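Below: the structure, in structure tokens.
A, B, C, D, E and F are the chain letters, set down in written order, and residue numbers restart from 1 in every chain.
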Amino acid sequence: MIRLSSADTETTGTDEEETEEVVETDEAREALLSEITERLGDGIVAHHIDPGHDLIIRVANGAWAEAALALRRSLGFDYFTYLSAIDWLPSPFGRSMDATVDLAPSEDPAEAAEPGPIEHGLCGGETRFQVLARVYSTRRHLGVTLKADVASDDDLSIETWTGTYPGADWHERESWEMFGITFTGHPGLRKLYLPHDFEGFPLRKDFPLLARQIKPWPGIVDVEPMPDEGDGGDDSESGGEET
Amino acid sequence: MDVVWGDNVAQNIAFYVIAIPMVAAALKMVTTKNVVHAALYLVVVLVGVSAQFILLGAEFIAATQILVYVGAIVVLILFGVMLTRAKLGRDAEVNNDPTQRIAGALVAVILFAVMSYAIIDAFEGTELPEERYQPLQVVSDSIFSTYLVPFEATSVLLLAALIGAIVLARRD
Amino acid sequence: MLLTNFLLLAALLFCIGVYGVLARKNAVLVLMSIELILNAVNINLVAFGVITGTISGHVFALFIIAVAAAEVGVGLALVILIYRNRRSINLDELDLMKG
Amino acid sequence: MSEFLRSYLTIAIFGGLAVVLIGIILGAGRLLRPTRAQDQKYLTYESGADAVGDEWSQTQVRYYIFALLFVLFDVEAVFIFPWATRLEEYGMFGLIEMAIFIFILALGLLYAWRKKVLRWV
Amino acid sequence: MIDPALGTLAIELAYWQETLIKVGVVAALVPTAALILGYVFLLKMMSFMQSRLGPMDAGPFGILQLVADGAKFLQKEDIFPARADKWVFAMAPIVVLVSTMLVYVLIPVGPDLVGEAVDTGVFLALAVSSISVIGILMAGWSSANKYSLIGGMRAAGQLIAYELPLVLAVVGVVIQAGTLNLQGIVAAQATGEIFGWGGIGSPFILTQFVGFFIFMIAVQAELTQTPFDMPVAESEIVGGYQVEYTGFRFLTFFLAEFGTAFAFAGLAAVLFLGGWWVPGFEIDSPWLNVLGPIVMFIKIMAVSFFIFWFRFTYPRFREDQLQALAWKVLIPLSLANIVVTGVLKVVF
Amino acid sequence: MTAISERRQLAYIAAQASDARVNVELETEGMTLNMGPQHPATHGTLRIVAKLDGEQVIAADPIMGYMHRGYEKLTEVRTYPQVTTLVNRIDWLGSFANEVPFILAAERLMEVEAPPRAQWIRTALFELSRIANISLFLGDMALQLGALTPAFYAFRDREFVLNQIESATGGRFHPNFDRIGGLKDDLPKGWIAETKTAMVKLRDFCDMLETLVTGNEIFEARTRGIGVIPAEVGLSYGLSGANIRASGVDWDLRRDQPVGLAWNEIDWKVWTHPDGDSFARFWVRLQEVRESTKMVDQLLDGLPSGPIMAKVPRIIKVPAGEAWVSTENPLGEMGYYVVSQGDLVPFRVKIRSASFNNVSIVPWVLKGVYVPDIVTILASLYFILGDIDR
């Protein structure tokens, strides 16, 4: 097929420079943060602003439901985006799966590689599991990502959001079946996707992905050349991680 | 055989061809344990009655029988059945206890004996007239002259039935 | 064609209907048996109408069909009402009148 | 008379014919079609899942009132037809008779309408 | 009563010979009618309306497609669901088809070409067509399936709601013709005059257009065709009362549906469009025994065209809307039509 | 429109309330009807268990998972470019649109930006996949209501768009065309003119459908006032896209959050409808398809020149960080929360698919409707099973 070059386009104009406004400070989100802080006070453990993009707030476990209520009722965050969870445990089956050493298939996953220390993402964390959710205000056109630790590593529970955002119902059910996090006060934590007698929590990092156990990670088999590099004969190099 | 065998052989055959399934269906109707089956047996009886009307020359009544009884009343009964209980298969609780059933059978048999005696005694050998077809207009003229008052009363009766049924079937 | 044929058939249907009314507990079945009786009467009416050569039998049969329609309508409405109140349409359980 | 009965005999023959026709076709089908019994085939279809609860359960369809209305108006139609064929002879008197009849039954329809039972619930 | 024998063609036949001929003709007619309607309308017209060709492989332009389908259905296993009520399940399609067949007997296609011209003609035709409700209820109940039951109930509710407008719409015609006999109705139209001009007779559609309108809507509903096809609504109850049927028993419902479409189109042609009479001929001219069937066929196809056109064009009503339409619009309208027709008949 | 529709809504709500009362009066035992997984109205394998009273729904419970493929788990063992092939199977009718937010999230973490030309082509392909997706809905909605014919027109005219997508990307359904830092290839010769012709055809299709369907009394009777979702309720359930715009919420991520795509450079309009019923949802989608065809025209007219690929490393390792990117996909808001720990593979990807939330309102909205309305409402909410189950 003949690929046309950019010259084929009739109008080559509109090259007005993309407004490269690298907003280092984000006033709207700063203001929002202070508003939320005002409402929640000590409930806020940490926060992070990605200028121009996002505001991430980590609230205390006990302030989880209260945060939702405050955001919806007082601050006009009417739109519920999602609710999910993260398992911060480094994969026992190897970090990033990009090296041959990761693949050592072992009968006992626990001893295959001792998991490294837990590295929490933005806003830090205390527990292995974190719940995260996002709400959005259709009037301010701003969204907030909320994070919270579960009660403790032994008690994976947190308050439900269903009272504030009914849409959280299914998301909480999903998090419950995938991570085993209990949402206290949820009207009916039933399996959403999995068969009702399924055992285990598939999205936990220590839940083995059977397909990978049977057929090991093939490595990066095909890396395309960049368009401007032509057919570059160095595929062998790029696919070098094959096992 | 002169009691049951009349002059016109073809018509007699027709009569028995219709009557025997009718009686059989009627008997099944009062003995089956499935309510929907009973309603369907009733359909057989009703269609049979309609055919007997034809034999008697009452064409319009026969068509009415089909339109109203088969097309409407049976449908109403089927609805009623399905609204209350219509299990597939047998339904244990449709009959009274055996003593009452035997008593009922006894009553029916005695009644039939008496009636058939009376009928044969009174009308034995009476032939129906060969020309017994009654055209529709005769029926019509009769309704709209002699029987005008019953006719109008019918409408009031139907209205009353409708209102009664609505009041009963709906609880306000 | 003998008159007695029809009269005996009607009598038979009538008696079967009577048996049905006496032997059945289910209200709908009792109603159906009553229909049987009414049909037996209709056959009689038309048959006698033919024998007497008048039209009255036919007309009365028509009126009886009309009455039967009204009767079934109200009867079934009653049955449905009873069913709704008592979850049963067995007539022997209905001793409301005994107080 | 016999002509009259004959015409209905024809109709009866036609009724019988329909039954015989289907009988023949289904009989022919029996020779052609396979019969391989498998339990799965005889299950009740309910969109691929096992039936919830009883395969058959009672519906509470409340169109009883519709059926009743239908019966009553059907009876009305039965009386209208003979009248319609003879209206020319009855003239104005017949017209008024029937108008009263229709009016009274229309009252029933109106009553049902006002009572809001003409709704599919 | 009109002599049913083919007397005017000067052929004397015994009753049994005549009946045999009629039986043969009607037995061939019902499937043929279903095939013609199915092919012309369901396959081809629908395809062209939907910008596709439709079947093209079986026979020239796919005219044998339905025959091939029929042969296929014959080879399908005849499955009775385990929980079904076997006898009722087996009988239901037969009841429906018998009710269709009986209507055919009554429709005249020529002065002498009629299964039977009985005096209660149109009344009897409407009466026997109402038997199909029982068959449908039987099918719905006996299948032991929830979709079937809902479909059967809907069908019954719908058929009874539209039986009445159907019956009442005809009354206007009966008042004008003064007879229930279908041959009489044709004769009444043939001898009628439009403001003193009798060139084309007086088809009742001109005076009974309200009746015709109601009749056609009711026919559409009686046939459970879109927009009134809730009893078989595929997207809701997946075929309704037919859902558990397989093979030829299933096809029987289809045959009955198309057969009934043809029959009702025929009834509409007789009642409203002048029937088999051709302008310019005497009402008892023997030529009409030849031309009549052709004229009737053309009229039936024209009426069927409208029936199927609506089928392919409209979405489906909801059951409550349909009931409301029947009870709140069509029945009062048809009652008013009767009264108005009666008044006009008496006054003029 | 508003005044009339408010009255309609009120009448509808009143009717519903009275129906509910009637039911309590009649207190009958219900029947449980199972719709799906193999049911024509469920576009795949959704299953709705509805408790019925007569033909009225007392409670409805959607059951899914028949097509759960565990994408969130699978992404954790695939490199970033490989994830693209996975995610374009989420909403299989608008595949290209699924790839974009994930790629954008990865780009943000890598602090790479695609060149303008790539962005514009991305936007154009995005809109094309929206047209391909929603035009199917337009036909299907009528089909679910029993009108067979519009579905055939929809399939016929959608083909024009699929052809264009195929000739640009090589794949009709699963293009896998988007790359971190740009696109796989530039557009083929003559594509722009062909696409514009196709857009004209699609506009004709929209006009035809508008006359064919929206003017139809039965269609209106079946959809007006059916399944009314007030804006507030819809938002709290997380309804997005046309579903929430049909409830009068003037919110479109293309306008309000134009993440690195060209939407804010062209002239277009966000369509809303105040009613919030099934008709409104259909109507808004119909307008959106037409609007999208105009957008594609503008995008192709204004296509900037330049490279289509930014400089990115051969083997993509994404620096540690977290990013949330969502776009206005054909079905609604679709977003990815990507957590990277500096590896070849993502540490965790939360896939926020639109249909999941759109369907979660089903138990609420189906309460008290008739069985036929289940189909109407499900069709008008428009979901793709893969988008629910992921």
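Of note:
Quick note on the criterion: contacts are C-beta pairs under 8 Å (C-beta built on N, C-alpha and C of every residue); 3 or more make two chains touch, one makes a residue touch a chain.
This is a predicted model, so every value here is computed, not measured.
Across the assembly, the mean Cα position most removed from that of chain C is the one of A.
Ranked by C-beta contact pairs, the top pair of chains is B-C. Chain B and chain E have Cα centroids separated by 29 Å. Averaged C-alpha coordinates put the centre of chain C at 21 Å from the centre of chain D.
Computed from the mean C-alpha positions, the centre of chain A lies at a distance of 76 Å from the centre of chain B. Distance between chain B and chain D, defined via averaged C-alpha coordinates, is recorded as 18 Å. With touch defined as above, residues shared between interfaces to two or more other chains in chain E number as follows: 83, 118, 123, 144, 146-147, 149-150, 153, 156, 160, 163, 167, 180, 238, 319-320. For chain D, residues that reach two or more other chains under the stated contact definition are 4, 8-9, 46-47, 51, 56-64, 67-72, 74-75, 77-79, 85-86, 94, 112, 120. Taken residue by residue, chain B touches two or more other chains at 11, 55, 57, 59-60, 64, 67-68, 71-73, 75-76, 79-80, 82-83, 85-86, 88, 130, 132, 136, 139, 143, 151, 154, 158, 161-162, 165-166, 169, 171, whereas all remaining positions touch fewer.
Note for the complex: chain F touches chain A at residues 64-65, 68, 70, 72-74, 76-77, 79, 81, 108, 113, 116-117, 167, 179, 182, 184-189, 191-192, 232-233, 235-240, 244, 249, 251, 256-257, 265, 301-309, 312, 314-315, 320-324, 326, 333, 335, 337, 339, 341, 343-345, 348, 350, 352, 356-357, 360-361, 364, 389.
Residues 31, 33-34, 39-41, 55, 142-149, 152-153, 156, 213, 216, 218-219, 221-222, 370-375 of chain F touch chain E in their complex.
Touching chain F in their complex are the following residues of chain E: 46, 49-52, 146-147, 150, 226-227, 229-230, 233-238, 312-321. Of all residues in chain C, only 62, 65-66, 69-70, 72-73, 76-77, 80 touch chain D in the complex they form. By the touch criterion given at the top, residues 1, 4, 15, 19, 22-23, 26-27, 74-83, 93-94, 97-98, 100-102, 104-106, 115-118, 123, 144-147, 149-150, 153, 156-157, 160-161, 163-164, 167-168, 171, 174-175, 178-180, 238, 243-244, 247-249, 252, 319-320, 323-324, 327-328, 331-332, 335, 338-339, 342-343, 345-346 of chain E touch chain D in their complex.
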